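In what comes next, chain A is part of two complexes: it sits with chain B in the first one and with chain C in the second one.
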Partner chain A sequence: MPIAHEYEYLKPTSVAEAVDILSRFENNVRCLAGGTDLIVHLKENVVRPAAVVDIKAIPELSGIKMQGNELRIGALVTFSEIIHSAEIKKHFPVLVEAAETVASVGVRNRATLVGNICSAVPSLDAAPVLLIYDAQVVVRGKNGERSISIHDWFTGPKKTSKAADELVTHVIVNKPLEKHAAAYVKLGRYRGEDLAQAGVAVMLTDNKNYRIATCALGPIAKRAPKVEAALNSHTPSKKTFEDAAKFILSEISPITDIRASKEYREHMAVVMTRRALEAAMARLLGKTVDVASILGG
Partner chain B sequence: MKVRFQLNNEKRSLDVEPNDVLFDVLRDKIGLKSPKCGCDRGDCGACSILLNGKSVRSCLVLAAEIEGANIVTVEGIGQTDLSPVQKAFLDKNAFQCGYCAPGMIIAATELLEHNKHPNAHEVREALSGNLCRCTGYTPIIEAVCQARGRKS
Partner chain C sequence: MTSKKQDELKYVGKSVSRIDEMDKVSGAARYADDLEFGPNLLFAEIVESTQAHALIKSIDTSAAEKEEGVVRVFTGKDFPGLRFGLYMQDRYVFAQNRVRFVGEQVAAVVARCPKAAKRAAALVKVEYEPLPAVLNQMNALNSDCNLVHEKLGEYSHVPWFFPKAGTNIAHWRKVRKGDISNAFQEADFILEDTYNVPRYAHCAIEPHVATALFDHAGRITVWASSQSPYTQRHLFAECLAPLGITHKDVRVIAPYVGGGFGGKAGVTMEILAVVLATKLKGMPVKVRWSREQEFYNTYQRLGVVAKVKMGVKSDGTIVALDHKIHWDAGAYVEYGANVVNAAGLSASGPYNIPHISIDSMCIYTNLPPGGAYRGFGYSECLFGIESHIDRIARHLKIDPVEMRRKNAIRTGDILPYGSHMNPSGLVECIDKVAAEIEWGKKEMSKDPTKFIGKGFALFWKAPAMPPNASSSAFLKFNEDASMNILVSAMEIGQGFLTAMAQIAAEVLQVPPHKIRVETPDTDRNPYEWQTVASHITWGTGNAVRRAALDAKQQILEQVARVHHYLADDMYLDNEMVKCKQEPAFALPLKNFVITGLAMEDGTYRGGPIIGRGTFMPEFSSALSDPETSQGGHPNVHYTVGAAALTLEVDKETGKMRVLKAVEALDAGKVINPDMAKGQLVGGLLQGLATVLYEDMRYNESGKLLNPNFTDYKIPTCKDVPLEIVPILVEVPQPDGPFGARGIGEHTMLPAAPMIANAVHDAVGVRIVSMPVTAEKVALAILQSEANHTARGAHS
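And now, the complex of A and B:
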């Protein structure tokens, strides 16, 4: 299907130039990186921008860099690059685990993590992991750079706190100093290419701190502080996990849609929280857990 | 606007519009018919091509984006002789209607380029974004397993 509507195609070579274009066109402009969302939206007339800004010629937006405990993921970094990054595999294996659940190779070769959080759909796989790591989204606008906590990033379905004339340059993820382990569990209708019916990421640390985050279980991806409070300072055990997992129901507000019913999502959210915690606990003890197998299917 | 790129080992230069989709340009402007339109929204993999060595959905790429790129379609694979993947697809009769085959061959070619000896799970994972609506997956997976490790 061709794209019916006409627009200007612009390819800036610096962030400053891109920001200039964004402010010139105000709300009537879209950034293009991997295009796996944007081009579908252009074809289906969901968006009709006056200009499309291809940001792939801006060198500053590329690359994965680890400095000390801080990981920097540029706006052009694809899910495939994340999966094949030795540094991410070593320091943030759960990020690789989440990236591997995104669509399929042909999409992951183009789709970017930053594009995923900018789409801000409720089912986005990148969000729960970024939430448990307290990631920062760094944007640049006409008034300079600012850093937005991932907890403040999602403001509604397909809505973020980024202003229209701001460009995301990168995401920062910090590795916790204490010993920790994490897991991301995704429920789909089948193994392989599908959007999440539900997603749960958990992290637990040696000193009994817990972090839980969900996607596809409410209008936005978010942390589950009530589950965390029920777990914090408790020694990990199957019983503790079982009791605390039930609190997830007071943190989520799933809907019935084409992929799953509200009731099924609620039921599975409890199961997934418990099993993700068990997987993370086993990993903290040095065991290998294939997370794809924990929901069967 | 003019874009210059390499297509199946040939240098090309073409006038395209900002709203031209690469898939339409390949088929209708250039006449390469191996990429097929299945879903037109990136879900089925039938339009897969190699863009700078990586499989991508040509239905989700703007023609304007390919300035300086290297593009390979199935027409460019095994130009002198069939590639090991293509031979294995024939050996295993891994076609029913054949509509998904070009995309499957692109995905399998990319896999074997980076992983000479994938196991059956890795083969399935690499092909999981390519749908075969005849559901003829078994001979397709067998063909890719047969092709692994063969010299191209």
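And now, the complex of A and C:
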């Protein structure tokens, strides 16, 4: 299918230049990194920007860096790069786990994590994991750089707190200091690539701290503090998990759409929270868990 | 003497590697979209209806015409009254003053590049006056429902259709056998229920593409991704007859096809390229469907609401079946009505039932046209029948497999429409599958949330063809005794070209890899009806076998003229003619199949060997009593089979995993075991996808919500069952080439009911509407637990 829409194509080589272009075109401009959403949307005339800014020639945006406990993921880093990064695998295995559930190999070879969070669709797989790590999104605009907490990033379906003239340069993720384990459980219609019908990420630490986050269970991906409160300082057990998981229902507001009904999403949110906690617990005890099989099918 | 035994086959029944393998793996194979047409090539973009049912008040093309690069803009007014159709001519080339489904072609922009065409198409303004749309076949039967086709009574159609003018019933196939009115009184147990099957899409990886050229001499050539080059030629010629175009002026060239599954049978979008080209002499016009259009404007598998009432004796003997099948056939039924017809004739399933009433109704709706899809209506009917058998057996506390074996149709039994069942290995299939799946052995999961169940299903299907559907073949030798076979059936992935080479190789004792079989050009290759109905191994195979026998006879006669052996004493072996009486005689074919045989005086005898073969099932007849279907012989034969699977179900999530699947079918004679097994695995996967996740979803305005692979799921390699065991049974088909009959479609038929039956076996819930998704299973379990708790509270 041809792209019939005509637009200006610009390829800056620095962040400053890119920001300048973004502010010049105001809201009528799109950034191109992996292009796995943008090109499809251009073909289908879903978006009709006056300009497309190709950011792939900006060196500063690429690369994965681990410094101390801090992980920096550049705006051009693809899901495949995340999956194949030895450092991420070692320090943030659940990030790899979530990345592996995104689309298919071909798409992951181009699609970026930053592009994923900029799309801000309710089903994005990158979000729950970034939420449990309290990630920071670093953006740069005309007025310089600022850091936005991932908890403030999503403001609505397909909406973020980034200003139109701001460019995301990277995401920062910090490794918790205490011993911890995590899991990302995704519900899809089959084993092949799918958008999440629901997604739940959990983390638990040695000193009984819990973090829970969801996607595709409401207008935005978010943490579930009521579940966390029900769990925090409790010794992990099947019973604790079962009781606490029910609180997820007061944290989510799923809808019925083509991928699943509200009823099934609610039912599964409880099951997934419980099973994700059990998986993370098993990992904390050093056991291996295959999350792809955790829901059956 | 080294002559082989008469009954020993050298090439047929062997897993010969594909003769088109280098074409496919090297990328040399060319598909319709790969062909180059030079700088005059024009591109058409179609303007589609946004309404499910509406009158077209006006179409304003002025802005589109001004767009740079646009050559012309066409609407229905440019093609007044132009209709087409395979079995019933009810389909408009361009909507006239009314649209009948969302996506129907209303106008076309032809431009010098695809971008200009797309830009201009967005500028065409169509004003509609909406009419009430009917989106459900049951509503379409209401007497006060709007008519989708007011002129139904005027449409021409094949003699075996019975449209009801003044209603939305485009065809009503009635089958009556025995005495249904009293039969249910004989029954000890009667089960009645309704089964729902949604619409499905073929999802061939290659979308439809057609390019047509109307040259200055007045002939039209079409290059299309097609299962039916000759049928397309005929329909194009019929449609263009008012322009003075005859069959000899129409030529269809069909290159390799990237998947068909019935979607590229008959004529759909190809007609657009053809009619547009007639207005643009000398310039090829290309129409290429997007993935979205592929979903909503080709054919879809018809939706079904089936009411099944079955009466049985307490020993499991089926005495009566009343099967009412309501087909959502869409806005145009020119092909889909024959799905309704064919499935209706066989809606008993593969069972010998004395008293049968079947009503198979083809119902117009304002959804996209229904048409051919692998299985041709049988999957849809078997979902109900095979679920029903399982439920009845469990109610009677009879083993479901035993009940199937007891009632299974056998060779010579009377079919629902009165003729006799062909030779059948159905019982052998049942027994082999039951043994392989270890039927009766309960398996337990170590995981307390997971339950394992087994499901069984039988299936059958006959080719759905007009009684005179024919095949033909030319076979010509080359100087080195290699040969070219010219046929017009299509290689659509199934391995047809190789199978034909094997059949000719066997007759002529020349290795298959010395035989070239290619995709057709209707100017050069002889007639073939269509590559549908799983009939070409049988039908075209017979034609090729006859062409090879014809060539063989010419070879032996030629040698007899010169060497004076009796033709009956000679035989072919290892690319040579040999003689039973004269062991020393061995004449290589290459010495004479083109050049002829030299005589002592320097003259030659014989000349190029060219075989011809045709095949038509002359015993077939579609004429029968319209009220009972008795009296004809509408089906040439059935291919039968049995299948089972072991399914693991997570009781909380509803998620299912096929641990093992076994399928056996009676191929009569397997031409190529590896290819047959490959097709069995592929077909089974396609079937499992239709039951586990595929589902076309429409909104209340008749718009398809998932014309994409984001929300219409087809299986990936991750979704393949952990183990698949293909079993091929061989009870020969007497009129098949080497005893062969078709298996292509059949492979997917048992999937849906065996999943539903396995789910019930595993977790005790019965799903009667496809697809049987994880969500549906989980919610059904929750519901059943809630009912159980409620009952507990009351007691």
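Here are a few things to note about the model shown:
Definition applied: the second predicted complex is superposed on the first by the 297 of 297 C-alpha atoms of A that agree within 3 Å, B and C clash if a C-alpha of one lies under 4 Å from a C-alpha of the other, contacts with A are read in each partner's own complex, and residues count from 1 in each chain.
Here is the rule we use: a residue touches a chain if its C-beta (ideal position, glycine included) is under 8 Å from a C-beta of that chain, and two chains touch if they have at least 3 such contacts.
Note that the structure is a prediction, hence the values are computed from the model and not measured.
Look at A:61: by the touch rule set out above, it reaches neither chain B nor chain C. When both complexes are overlaid on chain A, the residue A:3 reaches chain B and chain C alike. Legend: residue contacts after superposition of the two complexes on their common chain; A:268 is shown touching chain C, with no touch to chain B. Applying the stated contact rule after C-alpha superposition, one finds that A:217 touches neither chain B nor chain C.
Shared-chain residue A:109: touches chain B; no touch with chain C. Of the two partner chains placed by superposition, chain B and chain C are both touched by A:193.
In the superposition on chain A, A:258 contacts chain C only, with no contact to chain B. Judged by the touch definition given at the top, the superposed model places A:53 against neither chain B nor chain C. Residue contacts after overlaying the shared chain place A:129 against neither chain B nor chain C.
Residues 1-4, 104, 191-193 of chain A lie in contact with chain B in one complex and with chain C in the other. Interface residues of chain A facing chain C in the complex, by the touch rule stated above, are 1-4, 45, 104, 187, 189-195, 258-261, 263-264, 267-268, 271, 295-297. On chain B, the positions that touch chain A within their shared complex are 1, 17-21, 24, 40-43, 45, 48, 51, 54-57, 59-62, 64-65, 107, 110-111, 125-126, 128-130. Only residues 1-9, 32, 35-36, 39-40, 42-44, 52, 54, 56, 80, 103-107, 109-110, 191-193 of chain A touch chain B when the two sit together in their complex. Taken together, the chain C residues at the contact with chain A in this complex read 113-116, 118-119, 122, 290, 449-450, 648-650, 652-653, 655-657, 692-693, 697, 705-706, 710-711, 713, 715-716, 718-719, 773-775, 778-779, 782.
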